[in-house]
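Both of the next two complexes hold subunit A, though its partner changes from subunit B to subunit C.
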Partner chain A sequence: MATSTTDLKSKIIESLNLQDITPEQIDDEAPLFGAGLGLDSIDALELVVMLEKNYGIVIKDIEEGRPAFRSVRTLADFIDARQVSS
Partner chain B sequence: MAERFPVITGIGIVAAPGANLTEVWQAVANGACGLKPLSLFQSPRYGQVPVGEIRFDLRKLGAPLRGSRSDKMGWLAARDAIADAKLNISDYGDRAGVLLGCSVGGSFDSEQFLINLMKRGIMRPRPTRFHECVSAIETIADHFGLYGPSMGIATACSSGALAIAAAAEMIQTGEADVMLAGGTDSLSRTTWSGFHSLLLVDSQGCRPFDVTRGGMSFGEGAAVLVLENEETARKRGATIIARLTGWGASCDAHHATQPHPDGAGALAAMKAALHRANLPATAIDYVNAHGTGTRDNDLAEAKALKTLFGDKVPPFSSTKRIFGHALAASGALEAVVCIEALRRQQLPPNPGYFQPDPAIGLEPVTKLRPASLTHVMSNSFGFGGNNGTLIFSLPDTQPQTRPLETVPVAITGIGMTGPGKQTTREIEPPMPADKLTVHSCGQLDTTSLTPNQRRRLSRIIQMALLAARRCPPVSAGQRVAVALGTALGSLDEGSIVLENWIAKDEREPMPARFPGSVHNAAAAQIAIDLAVHGLNSAPTTGSVSFECALWQGMCQLAGNQAEFALVGAVDELNKYPLGVGKRWGFWSEQTKPGEGAVLAQISNEPKAATQLARVTAIRIGRYRRPFDAKREADWILAAASLKNGAALFSGSGGWAALDEHYQAVIKELSSRTGHAIEHRTYKQDCGEFGAASAFGFAAAIDWVRQTGRGALLYTLCPRGGKAVCCIEP
Partner chain C sequence: MKLTITATGTATEADVSSARLGQRFGRMDLTSQLALLAVEPLSSHFESLARDRIAIVLAAQSSSLPTDTEYWKGRDNPGGPSPTLFTYTLPSAAIGEIAIRHRITGPNLCFVGSSQDVLPEAADSIRRGEADACVCVYANVISPALAAFIRRPLTARACALFMQPGENGLHLWQENDRDMEALCATLRPIISTK
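Coming up: the complex of A and B.
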């Protein structure tokens, strides 16, 4: 089953403590880092923890996650691909 | 004043590769990997990751029974350094002190307290007695009888280098003739899990500058140098091993954990050290790189080396695979490597390097080899972009080090969070349920902070940031140093990370919170917020942490390393010291715990457009036990004049045992000066906590402005430290 992006957005908001943001405000395709939500490399590490906790996906090298962290869409696709392959 | 040059006359070292200098150098010369799987504590996820752990018994080497693992390592290194220098400390009285970098401090031991509490419901708080970073300094000062300036510096991985630099300034400014200087840090679960959560640890052991490098490796240990004023060292016939001719500090002001990608801060620290030493870059014959083995550090450091040295980068190496990265001790361990390289005229190798990285484009020394070395450089860079560089030179060189003499400074602004209001505070689990009357800053008004600062930064950092923002603005391009003292640092953040580690057996770590748990996180965030790149320091010296910060800021101004300095202190209320303190009977109707942050902006007088008051003198030391009021009065009067009508602001009304000491000193000072001294206190307003004397400083400034008379701020720490500073209109 494809990962729900709404669900994923809620998990991102929770794990990154994005206090003033609702899932509806995050565009599936918008960049998460840099300009988009203003996230930085430490947020990427929190996403690594979130992925392991919620989806059982272990990332040992941040470079591995970098392409996946571009947007909510790429992250959802990454989760789907990893869960199929495991 | 005759020029005073710091020289090294003794070395003590204990680290994973060896219990003494001979063993350690043997390992360095062999370029052997000193890393093995972890045995000190259980780590379900990362137990097989190699680490530079001390496997021998510290007790068998003679370490004291009391104290944390860091205290014991520091004590051993200090003992060996004193013996190596053939130093008779008792000849020096108030003229010998100790200044160490400690960042992990007693965490390894206090973690055991929390594990017992959370897993077994047993409350055994004794190890927390040694939790503070200053504990190692006190252990050493008390045992060896050092009554001169004592101070701890907790700037994560650059602590050891900054401590050696500050000790050199103590010598140069004439505060001391002998300083034990270095660093000590043990492994701890907090740092272990924290760096793993940041994905910064190489599971194969660090490989600095290699193209396949995958991160750092942990280490632990201590190194202590005996720094002496050259003139007094020569007088006693001491053997001079090397000179410390240059030191410099800088701040990237870029990111909590990542270095500036161009190595701008690293470059600035190296340049500052060369400037101080009055040497051109071409004089440097070897660089002991910070070289942690993380992708970002090694790349940024290589860029900085290439920018500074052009196509003539001197031989360099990282010795991190031999020691592991011993955090606050690493700058001191590597200072020893540099001094031994000079003494033996040999270049130490860089184990772990096999394949060049085209992005780096530099090759480190791969095998021990002889070389003609006159001046060598040691780099240490820490979290928060906190950088320190030291330059060591042969004893027979003529030093060109720029002289340093502290001068009065103008206070050009002051900002505060607090003093806290009296309120009842519940003590939360896992501590036994309890309540206390405290002075709390309550819910902070963070509307002026950015959304990222609100969601990411811990409360103690926000307290400091808000205080800093209440100081007059500094413009971009101005050279500004930040020194923010703290006794206990980010206890909330540190304990949340650790509670999580214990409760979840190392799963679901907190990478966003760990960087906030280091002592210098608040100082670093101030630098990032204000975009200032000068020295960035976090002195940790119990109740006189503020005065240590003020002293560091004044030295930066005196040496013209900065046009302005933001100096202050911060500490926060936290359930653990509240609960443990209550059990130990520290808190009472008189002694109520408090919290808060004060930042003062200081400047060299000619440049200060507006000034609130001036700081005309500052002195830091340790008092003797039993307390001798006559001696104390001498000590104060040697530092500061006490004009008729001046007031003395004391820390009375805090720790009850100190009240009689303050009273005795005031009585003695009154009889010496022949006029009554107005005694003023401030702890009734802010409560008792490590940073409280910063509120005393603010109160003294108010008083000076209102009365037009002078004030002394005199602070005693229950654990032996003391400080006096003189504030005048």
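Coming up: the complex of A and C.
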């Protein structure tokens, strides 16, 4: 079953302690870093931990995850691809 | 040189949940949150000053031990402990958050010490010409996990004072005004009646 972007957004909000942001306010296609949600490099590491904790996906090289972290949509696609291949 | 206290602020854990100080606030450790909240009432006094001439002196009574304890507890979690938490495993982390929020780039100093350590050093930094004013902060957080470890009562509080040259502030600072918490408690009723 494909990863729910709404569920993924809730996990992002929880793991990053984003105040006053709801899943509905996050665009599936909007950039997670820089513009968009405005996340930073520490948040990227926090997302790596979130992926292992919630989806059992281990990213050993942050460069491997860089394309996946472009948006919620690319991250959901990445999770689906890794779960199919494992 | 005469020095005066021109503003003061305090914060406890009860103030944190309702506070909204930007998107980063929720990610900070409790010491940084309390320190930021205590400093907030001082900020209107920063406007007329060059930000590189404002110093910050912090005393973190429990160092970063509450955050260190939380970080250590996370070591067995899937994916390991929180990277965000790691950035707060320094006693001086709150200084960075104050500097970022208020764009303060002057000298700074962190004590792992008591509320008696801050004001004399703040006064010296102004008298030595290193700064034109000083944000003085005292924070003490003893979380439940830390309280069990060091056998001290729970606490979570911070207070802040803004020290500037002059004599027309809320309180003319004297050398024997060493205890910052006591001074904050004394000045709070004065402010509330103004």
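Quick note on the criterion: the second predicted complex is superposed on the first by the 86 of 86 C-alpha atoms of A that agree within 3 Å, B and C clash if a C-alpha of one lies under 4 Å from a C-alpha of the other, contacts with A are read in each partner's own complex, and residues count from 1 in each chain.
Please note the rule applied: contacts are C-beta pairs under 8 Å (C-beta built on N, C-alpha and C of every residue); 3 or more make two chains touch, one makes a residue touch a chain.
This one's a predicted model, so the numbers in the text were calculated from it and none came from an experiment.
S.K.: Which holds for A:53: it touches subunit B only (first), subunit C only (second), both, or neither?
M.R.: Both partners.
S.K.: Check the residue A:61 against both partner chains and state whether it touches subunit B (first), subunit C (second), both, or neither.
M.R.: The first partner, subunit B, only.
S.K.: Using the touch definition from the top, say if A:45 reaches subunit B (first), subunit C (second), both or neither.
M.R.: The answer is both, since A:45 touches subunit B and subunit C.
S.K.: Going by the contact rule set out at the top, does A:14 touch subunit B (first), subunit C (second), both, or neither?
M.R.: So A:14 meets neither subunit B nor subunit C here.
S.K.: Based on the A-chain superposition described above, do subunit B and subunit C contact any of the same residues on subunit A, and if so which?
M.R.: In subunit A, positions 16-20, 38, 42-43, 45-46, 48-49, 52-53 sit in both the subunit B and subunit C interfaces.
S.K.: Sort out for me which residues of subunit C touch subunit A in the complex.
M.R.: Touch residues, subunit C against subunit A: 20, 23, 25-27, 77-80, 82-84, 87.
S.K.: Can you list the subunit A residues touching subunit C in their complex?
M.R.: For this pair, the touching residues of subunit A are 16-21, 38, 42-43, 45-46, 48-53, 56, 58.
S.K.: List the residues on subunit A that touch subunit B in their complex, please.
M.R.: 16-20, 38, 40-43, 45-46, 48-49, 52-53, 59-62
S.K.: Over in the complex, which subunit B residues touch subunit A? Could you list them?
M.R.: Touch list, subunit B to subunit A: 197-199, 203, 214, 255-258, 451-452, 454-456, 507-512, 515.
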